[in-house]
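Structures are listed in the sections that come next.
Same chain, two partners: chain A is paired with chain B first, then with chain C.
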Partner chain A sequence: MLDIIELCKGVLELGFIYSLVVIAVFLTSKIISFDDLTVEGSFGIGGAVAACCALWGFNPLVAILFSIMSGILAGIATGLLARKLNINGLISGLIVTTALFSVSKKVAGSAMVTIPADANLFNCVGIPTHLNKFIILASVSFGALFFVKWLLRTEFGSMLKALGCNPQLLTNLGKNINGYTIATLSIANGLTACAGALFVNYTSFFSLTGNIGTFIYALAGLMFAEIFSDKLGVAIILGAIAYPALYMITIQLQLDPDLTKLIIALLMVTMLLFKRKSIKHVAMR
Partner chain B sequence: MVRVDSITVDFDGVSALSNISTVVNNGDFVVVVGPSGSGKTTLFDVISGTVNPSQGSIFLDDIDITDVSEKKRACHIGRLFQNTHLSSAPCMTVAENLALAMCKDKRIGVHSLMCAYKKEVSELINNIIRPIIPNIDELLDCPIGRISGGQRQIISFVMATLKPPRLLLLDEPTAALDPQSATKLLLFAQEFIAKKKITTMLITHDPHLALSIGNKLLVLDKGVIKSEFGQDKRNISPDNLIGQIDYQAIAKNF
Partner chain C sequence: MKKISVIIGIVSLSIILVSLQIVQKKSKNSLFKIGVLQTASHPALDRVCDGFVQELESRFNGKIECIIKNAEGSVAHAQTIATSLIADRDIDAFFSIATLATQVMANKESQRPVLFSAVTDPHALGINNHSNVAGVSDMTDVNATVNLLKELILTAKTVALLFNTGEINSVVMTKALCLSLEQNDLQPIEIGITSESEIPTAITVACKKADAIITPLDNIVALSIDMIAQQALLQKKPLIVSDNLLVEHGAVAASGVDYKKVGKKSAEIMIDLLGQKKEPQEIGIVTVPSDQIVINEQICDALDLVIPLSLKNAAIMIGEK
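Then we have the complex of A and B:
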């Protein structure tokens, strides 16, 4: 029974970390209609910067701030490629992600880095150890959610929504489309890099390939979130939790580990079909 | 005053406008007619800054704006498109769209957009929109993309003229509307433009409309100004104008 509780706690904690990436993808893909693959690279660079700072003995909170800054820079790079050099948005994200792979290795110094226990964020906060991870990650996750919700209610956020559905309107209003796009990409990648830094602190380990699949995870999380609600809210966090929850189910069922990804794919299809069925049901009423 | 001075536009060797020159004085209402492909929308694109001319200059109140960006020109030039979705944000509500238009020359910083402009939106609705759209209250929370084309175009017109522009470009605003909605929009727009004395250019394919409104008529054909009429346009009959436009020659090509 205790094992199950611990397992559920782990699933929730991972979900909280990845919810930042899901929020980032929500901002770029859903709000400004820019499919940004940079999240894959900024998750890695965030982790690499956190690992590097930990090795240099920086305060973990300062390390997280540096990680966020690295993500913001990655977002700006993608934005400049896409808007100033007119390179396709998807390609711009791929280019920056490819570059960040090398940058991450240089920053971390090695493809695998272990974080010293005394430099770990979760050991430096005055909360009982068995609770601190959960409390910190839940606070960051809900904090990011409320920040983005507030942001979208402001003039800036309204311009982002308008940019997503009709960029011409922003031009008509005399606003700078490039500026709003680059600002959104920096916020999204800053959040993603923060998630990368939290992940490295959570696992006490940085791996150069640890970021692979981040974008797919976030997209899956976003799709799961839409099962609960189309709007930005707690559904985003639930969506981010759904993916590791599926992992947990496959582990609990003691299925062949080689089949894990296939079973997750089937479970995803089932959930999406359930969503479509429930939408039809609502429409028929 | 807007002065279009010897404007030429080439798209990959194909000439869209050839050496066009015209003057629109303050308070003028110029109607632009011509067959499809005659360069009407390209002329508007050049004036609003969407397209850069290959040659020539554009002056707004004697200031050369040829190299001024579309974004900066938008502060002085309002534009309403034929496609009703281009002048508003279809995924946002009617109220949000109206509040967005209020941000054109103001900054509200970190405050909620809807809270900041609640009073202004309410005044705008009571004074201008409700007389023309009586059920506006029911529509305020609907995404603007889901209301009827006529209502959407009226709201887009209000958005474009919220801060009266120095030049208003109406690019076939009634083309996608049914006759009833088109008449409603035109009556409203005409009254509003006359009241605020906004310098306006209107593109239309309707010869009756072209002759019934405005004080100047510009007939474009194959990228050149075929003829230009002032007050003497009253002497032209719709059939005469159709002859000027040479729709038959166009029809033969199809």
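Then we have the complex of A and C:
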């Protein structure tokens, strides 16, 4: 018998973790139009810091705070490279990600670190039921979503939106463009590092190669989110869930494993076509 | 419009879920169902899987069902696959091939038995304290590899170690190899790589600096062995590998485990587990002896290496003229 609840729970949990990264990419790519590749590196460093803190016997919540701080530092580094040294934004992200590979290795101390069960976030926090992981991850995911939504409604948020479509406006207002860019990058990477730390706690181990593909995942999530809605909202979380859900379906259908990616691509095309049709429909009305 | 898309979404989701349920039906004539999670596809791991499935099928006269899944190296994918396998309540036991798959599987399943295979250093993973986990290690005897190098390449003084810094199995073995080389008065030079794209540079440096090259059990090395072997031959530097299967791709020799044997050994343990003859904890971690030496005669000739007679008799020779 197939335990469908277990299946959905697994997909949702993974989606909730990655939704933080999708929110981060939304902030950088959509709001301030700065395609930030650092997320790939900060996902890794967040996990590495969490693993390191767990080995040192820190409280998991403190560990997550340290992870977020490491992500913020990574974001600041990218921001400084891009804005102070005038290096192309994409390249700065790549540079920081490259550097973070070594940093992660040094911080974690090894290419693969197992988190002791008594230092695992999901064993220390919350209620001891099998739904514990699900509840914690869902609340973190929605918490992050509402935090960013609130942030965009503040004056700071309006400035970020202006930075994305008309940076000249900020200059005219006497605001510092660089400061706002760096601030956004640090928030985005802090969120990503938090996701990295949650992922490491979720899987109970840190792997140096665990962060590979994070950016692609986040972009795919953002694309899916746009099918549901263009705005920042629950759609983002749905988008993040869509990718593991599609992957799960291809596994469950027991198709030829070599064809998995091709089928995901086909499903993506179908979903995008569906979206275009619905837009046309709205336009006709 | 929004309502319609929500309805369509819900309907299509339920159709998918129902169809999944139908697909998952256990085929009636199989005694056991086993979920296999493989870390990535490369020759050695594929052989473990083949050996495992073949042995089980011959023992049970085909009355066994193996669901084989491959994570292709991604942690997130491995996680999703593990969730999917665990959600299938018909599966009696799990089999994980290589380190990443084992880490994921052992941490996700706590009741049904998990058998791992081809993990170089299981103790480093901390999985030996899970009560439902047992397995087979593929750690090769590094001293045998170094001895092989000394016997074949008499002039070697410095030895380059080409390994992936991101792989725990590779790092652990490189450390052991370094120690063994130093004990044998050979100077090790560690050359760390992190991706396949760095191999051409790394191999050029290795050929310039060292008299011979050794590679540990390493997934990136396994995937790009053709490139490594070709470059090493071009620069006239002998290449010793740790995985016997890679010798035919142009390495000089190897003294490692036979991965088919690892798969078969795993199958035997799995049969014990399925018959509930033994508890996973009783079995613990088993090693397969790495006593098999494989030598590529063609490459030895090209490099003017003389194979000692004693070695010639003990080893499997391939690439004969």
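Worth pointing out:
Everything below uses one rule, namely that the second predicted complex is superposed on the first by the 282 of 285 C-alpha atoms of A that agree within 3 Å, B and C clash if a C-alpha of one lies under 4 Å from a C-alpha of the other, contacts with A are read in each partner's own complex, and residues count from 1 in each chain.
By our rule, contacts are C-beta pairs under 8 Å (C-beta built on N, C-alpha and C of every residue); 3 or more make two chains touch, one makes a residue touch a chain.
This structure is a prediction, so every number in the text was calculated from the model and none was measured.
Clash-free side-by-side placement of chain B and chain C is the outcome of superposition onto chain A. When the two complexes are overlaid on their common chain A, residue A:143 makes contact with neither chain B nor chain C. In the overlay built on the shared chain, the residue A:164 is in contact with chain B alone; chain C does not reach it. Comparing chain C and chain B on the residues of chain A they touch gives the larger count to C. Contacts of A:112 after superposition: chain C is touched, whereas chain B is not reached.
Judged by the touch definition given at the top, the superposed model places A:155 against chain B, while chain C stays out of reach.
In the superposed model, A:176 lies in contact with chain B only, and not with chain C.
With both structures placed on the common chain, the touch criterion links A:57 to neither chain B nor chain C.
Superposing both complexes on chain A places the Cα centres of chain B and chain C at an angle of 140° as seen from the Cα centre of chain A, in steps of 10. Aligning both complexes on chain A leaves chain B and chain C separated at their closest CA atoms by 22 Å. By the touch criterion given at the top, residues 1-4, 6-7, 9-11, 14, 18, 101, 105, 110-112, 114, 116, 199, 202-205, 207-210, 212-213, 217, 228, 244, 247-249, 251-254, 257, 278, 281-282, 285 of chain A touch chain C in their complex. Per the touch definition, chain A reaches chain B in the complex via residues 153-159, 161-162, 164-166, 168-169, 171-177.
For chain C in complex with chain A, the residues that touch the partner chain are 1, 5, 16-17, 19-21, 23-24, 67-70, 73-77, 79-81, 83-84, 86-90, 99-100, 103-104, 107, 124-127, 165-168, 170-171, 194. Note for the complex: chain B touches chain A at residues 70-72, 74-75, 78-79, 81, 85-92, 96, 99-101, 103-105, 107-114, 116, 145, 160.
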